[in-house]
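Below: a set of structures, written as structure tokens.
Next, two complexes with subunit A in common: one pairs it with subunit B, the other with subunit C.
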Partner chain A sequence: MAPAVSILLLEIKMNNHIHSLEEGTGKHSNISGYLYVGPALAILGLTSIFPVIYSFVMSFFNWNWGLRVNFVGFQNYIRYFSDPIFWKVLGQTFYFTVGAVTIEFILGFGMALLVNRLNFGIGVFRTILLLPLMVSGIIVSLIWKVLLDPTLGIVNYLMSLVGLPRLVWFGSQSTAMPSIIMVDTWWQTAFVFIVLSAGLRSLPSEPFEAAEVDGANAFQKFRFLTLPMLRQVILTVLIFRTIDCLKVFAIIFGTTGGGPAQSTESIQTLAYRTAFKFLFLSRAMTLMVIFSMLILIISLLYIKFGERETF
Partner chain B sequence: MKSRLFILITILIIVAMLSSCAPKSTPTIQPTSIPTSVEGFNWRRFEGTEITLLLNEHPWTDGLRPVVKEFEDLTGIKVNLQPFAEDLYFDKMELALRSDKPVADVYFLPMDSTAYTQYSANLITPLTPYINDPSLTKADYDLADFPEGFRVAATYPPGDANAQLYGIPITFETYILFYNKDLVGKYLGGKVPATMDELLAAAQKISNEGNGQVYGAAMRGIRSDTIMDTLTGVVFNSWGNDPTPLPYNIWFDGDWKKPRVTDPRIVEGLSNYAGMMKAGPPNIQSIDWYDANQLFQQGKVAFFIDASLFGPGYEDPEKSQVVGKVGYAPLPKTAKGSMTGHWMWGLGIPANSKNKEAAWYFIQWATSKDVEPRIGTKTGGAPRITTWDNSVYTSALNPDYVKAVKTAMQTSRPTAVFYEGWKEIAIMIVDAVQEMYGGKEPARACEDLQNKIFQVTNK
Partner chain C sequence: MLGFRIRRKITSLLSYILACVAVFLTLFPILWIFSISIKTQRDAFAIPPIIIFKPIWSNYTKIWQTAGFAQAFRNSAIVTMLGVLLALVVGIPAAYALNRLPFKGKKALTIWLLLSYMLPEFLFIIPIYILYQKIGLYDTQIGLAIVYQVFVLPFTIWLLRGFFADVPIELEDAARIDGCTRFQTLRRIYLPLTAPGIAATAILTSIWIWNELTIALALTFETSRTVTVAVAGFRGYASIDWGSMTAASIVSILPMFVFAALAQRYIVEGLTLGAVK
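Up next, the complex of A and B:
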């Protein structure tokens, strides 16, 4: 939720900026901006800031969701920072994020560029691409878990028919995470495609016509016109996918549960297990506080990066 | 003007949302207070009450559904069933017990460290006072019909003279060997392995020759504390006859500060489990009981060691491809003989329930000598001793199954460990097995495990 707050604060700034442009300077324009955003901030505050503060406070105890509530200071934080498993899981979360976001971005952008050139069938193409996105995460993971079962699944069966080797997919430590990245790609590439497609269609045609007249080829048009003009849209897409992928839970929980042997465990699945299986609520809250700080820093970095090069 | 209207609307929305957050008082029908001296036992004493059952989607729940109306007709108590798939059930259960508003009056109680942890957090109701009250419990209930070895798993504090019972067993599972007669005939010439070593070799042989179409064994191979009970059963088989006193069970030598997982019997047991895993499909580390059960039901594996209650499902033609082809046997013996473990679900009453007596009426009825055998035909794990001589129950089950379970029960012991942080230690033991599966030398794996457990319990 913290990134949403940052985005909202950005909204306020933008609102103020727009108002002072439209109505001139003065307190009236500032108050209007805050009033527009106020209700949303109030609700966000109730629903997200309170749990954040509660979790932060409880992370200094050793609450086991029962009668044991003792103050332990920074013990939970020290435990995690000195735990190699924590760093391994964090690394795996980043591995998943970088892999999924990269592939989804390249595929989604590529498809958006291709579809942009089509004159017919765009609607059909878009609908088909959107279908996976309609399905909720846990259903996606259950479907793929059945499809990719090495012994009973249909994918291996079809592959064996054409002479390809049967893979273990989620079953072995080396192929599990790539399989999960593949499932996430199937699911979320449409999001990248939709946003970038809309961005491409909103680009003005005059610069492209001018470039055409100047004799620019397709690659030069892409590099010097499309990319810079799409910069903000690309950044938005990347920030959304990054945060979403860092918070991955359903895709991993439904397919491998974090296995085999913890090789696909992400921070969220670890926190879930710590809280609801071991009942170590304070430790799980510590994990979430650390992780939220991390996501907040990353999203602030993205926003700073986007602000620096506005045109 | 426009902005004022906008402000008014947003204020109204906020007020509406905040008022919907205010706690509502849920009306509950309280039973009228009855004077303590009441003549005899009356089923209709709590007529008009409504109770909620929080249930696991378990064969027991399948057995309950057709008969629950009988309870409603008998007592006038309305029953709301709330079943959930097992994974989700565990989360719902923990939340329901800790809620400050009552969620359920009866719930599926896991009779192991989970219930013990709930007891330690004062979340569950002792049933002993209800059992001992003749106005609340019918005279022929016969609690002693439940073996002592079953009741002890929900009697807390463990070992205390004044301990009270917190759950009534409804279904037990003991860890036995299922084998596919066709595959045993095809690959082993019909010879069922008689010892654990023979089983390991036979399973490996079938996997090697199965060409990816069939495998020697299916086991729960995932990294989760939930495989602990099956694992303990296999380790019991190597432990032999020596005592396994609760709350420590085999893992500790009479004191939480003294883990003893380097005991050669434990090393052998854990190593046997890893050996069975090695004879499984390549994705064995992703396989939970559901997947393993499916594989066996579809005829893809020759051997499956796990809970006896999977047995009745194999004879169901709607789900199983191996009807009539399944053999049932106690665990093949080791040098120490053939031993195994058992685990139970029970019914308990949350401390936050407002209808505890009506809840007790349901539990009493569902576990009575009349009803339990009928529900038990779906589970094959009825806990009452007399049920196993009741033809209503035994005639619905495969006779080889009944024989195997009866034999196993003679040497079966509870797998429970009553330690509040047990699940954290359980997963360390599971990790050690995973390391053995990955090729680590069993004695080394157990030494490392010993150090890890020592650090946790000696803080």
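Up next, the complex of A and C:
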């Protein structure tokens, strides 16, 4: 998603401005400060702070739209942790995330390095390669459902032309998830590409010139100059892609709906069905509380890793 | 030396070929879908695919007449406008305060803005769904525009804060000495100076809202159904109606490509600024 592109900017700006933020705090509180942030606080209170607290509280109850609200303690949590479906779905969510992030990162980084070397036409390439990010996940799903249709799709036709076997793509348990990873790759590689492109362009040229004089080869320059200097940008890209992939919903909803036989169910599609198909509201909220904790832990691990000196 | 130059030429040529492959892989799916949207059903299903055909536009006229697609399109436009407006009206003063005004809890707010990004949609959706059912905001445009602030408002505040931080503080001090109130400095100094940034923010959030599916799916039913939810409706039983499905997809993509073209300079510029700093 396009706005996601600029999250990088936010993140980097945060690192720079966090100190200027601190100056303001603690000294003396100012009424006009609250006047300016008041409306924002009210909206955030309603849209995000209330739901987080509500979900957390309700995860200790059993409530499914009826009049009865029973306190059940940790029962909802225990239920999930002892449910093989939960672990299967969690495993699939990680399978998707690791697969998609790895492929997108390698491809996107490769494209960024490639386009960075071009002498002319960089702007045009960048503009075109950015386009998939502007397309809604649900439309991406529909596009690929048409392209990958087992009988009428163009991809199977092209594959049969070069003698490759026809695949059922979203239709079988073994190929469905790889197909969704492929769809996500088409959709989101541009995020990695555009952010790392900007990172590459911001690098100073002197170290590279010096390395050239010292006779360093391309790989050495990449390994000992580009990678270390891009470290923060790379980590930022990885954090945002990882979080986005863990939260995957639209492209699964749009392609397989979680099937066949739940083989592509992700945590968020499971939450959707639990809440809106089976109407187990408190159970779905429990699932989201568990999942949010997990996302936070993973983000913290990344940040912790980012504080280390080297890769 | 000559060999070196030739090698350079070859790698450069290879780079261009690879870049063109990437461009082809990016564009082909969209162009193919577009070609299906202007084919008759028979041509669309033909194997081997027909490359040369007489384009028809009936799929496009058809979707405007069927099953509330026009309504959904209108809903998306309204929700997008409401959402962006709300985010700017609330976000601009907040971003200003985060930059220039002291208040307790600033750091907590900053952290919360980032946290709310990380959290999964359904964590917010289910409680809001319950609340909206009770207070009558379920399936309303304004209700949807408000929920979107979960992600749009932190995004707007973060982005604007970056732009506002670039305004020299001396300008503000000068204005204050000349007797401007805080609000006047915000209006007369900050807003004009950061107008391009604000426009870029508005465009980027528009794209996000327009493309959003998860929240709209759960919080709208019929009257306020957005374009993504309507397009999703083509997926199940009607999936064999490729004409409508592809035409609807193209119609929903196009406004975003226009927006992206408008904001493109800022996307890249913004990123470079962020990365260089």
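One rule holds in what follows: the second predicted complex is superposed on the first by the 259 of 311 C-alpha atoms of A that agree within 3 Å, B and C clash if a C-alpha of one lies under 4 Å from a C-alpha of the other, contacts with A are read in each partner's own complex, and residues count from 1 in each chain.
Keep this in mind: contacts are C-beta pairs under 8 Å (C-beta built on N, C-alpha and C of every residue); 3 or more make two chains touch, one makes a residue touch a chain.
It should be emphasised that the depicted structure is a prediction, and the values quoted were computed from it without experimental measurement.
Of the two partner chains, subunit B and subunit C are each touched by A:Pro39.
By the touch criterion defined above, A:Ile139 lies against subunit C but remains apart from subunit B after alignment on the C-alpha atoms of chain A.
Legend: residue contacts after superposition of the two complexes on their common chain; A:Ile78 is shown touching neither subunit B nor subunit C.
After superposition on the shared chain, subunit A has more residues touched by C, the comparison being subunit B against subunit C. Within the superposed three-chain model, A:Phe278 lies in touch with subunit B and out of touch with subunit C [touch as defined at top]. Contact with subunit B, but none with subunit C, is seen for A:Ala261 once the two complexes are overlaid on the shared chain. Judged by the touch definition given at the top, the superposed model places A:Met293 against neither subunit B nor subunit C. In the superposition on chain A, A:Val98 makes contact with neither subunit B nor subunit C. Shared-chain residue A:Leu152: touches subunit B and subunit C both.
Common to the subunit B-facing and subunit C-facing surfaces of subunit A are residues 32, 35-36, 39, 43, 151-152, 276.
Contact residues of subunit C toward subunit A in the complex are 11-12, 15-16, 18-19, 22-23, 25-27, 29-30, 32-33, 36, 45, 47-49, 86, 89-91, 93-94, 96-99, 101-107, 109-110, 112-131, 146-147, 149-150, 153-155, 157-159, 161-162, 165, 182, 204-205, 207-208, 210-214, 217-218, 228, 231-232, 234-235, 239, 242, 245-246, 249, 252-253, 256-257, 259-261, 263-264, 267-268, 270-277. Residues of subunit A that touch subunit B in their complex: 32, 35-36, 38-39, 42-43, 64-67, 149-152, 166, 168-173, 176, 256-262, 276-280. On subunit B, the positions that touch subunit A within their shared complex are 3, 6-7, 10, 13-14, 17, 90-91, 94, 98, 117, 120-123, 212, 215, 221-225, 281-286, 288, 291, 294-295, 298, 300, 420-421, 423-424, 431, 434, 438. Of all the residues in subunit A, the ones that touch subunit C in their complex are 1-14, 16-18, 20-22, 24-30, 32-37, 39-41, 43-44, 46-52, 54-55, 58, 111, 114-115, 117-119, 121, 125-132, 134-139, 141-147, 151-152, 154, 157, 186, 190, 194-195, 198-199, 201-202, 233, 243, 246-247, 249-250, 253-254, 267-268, 271-272, 275-276, 281, 284-285, 287-289, 291-292, 295-296, 299.
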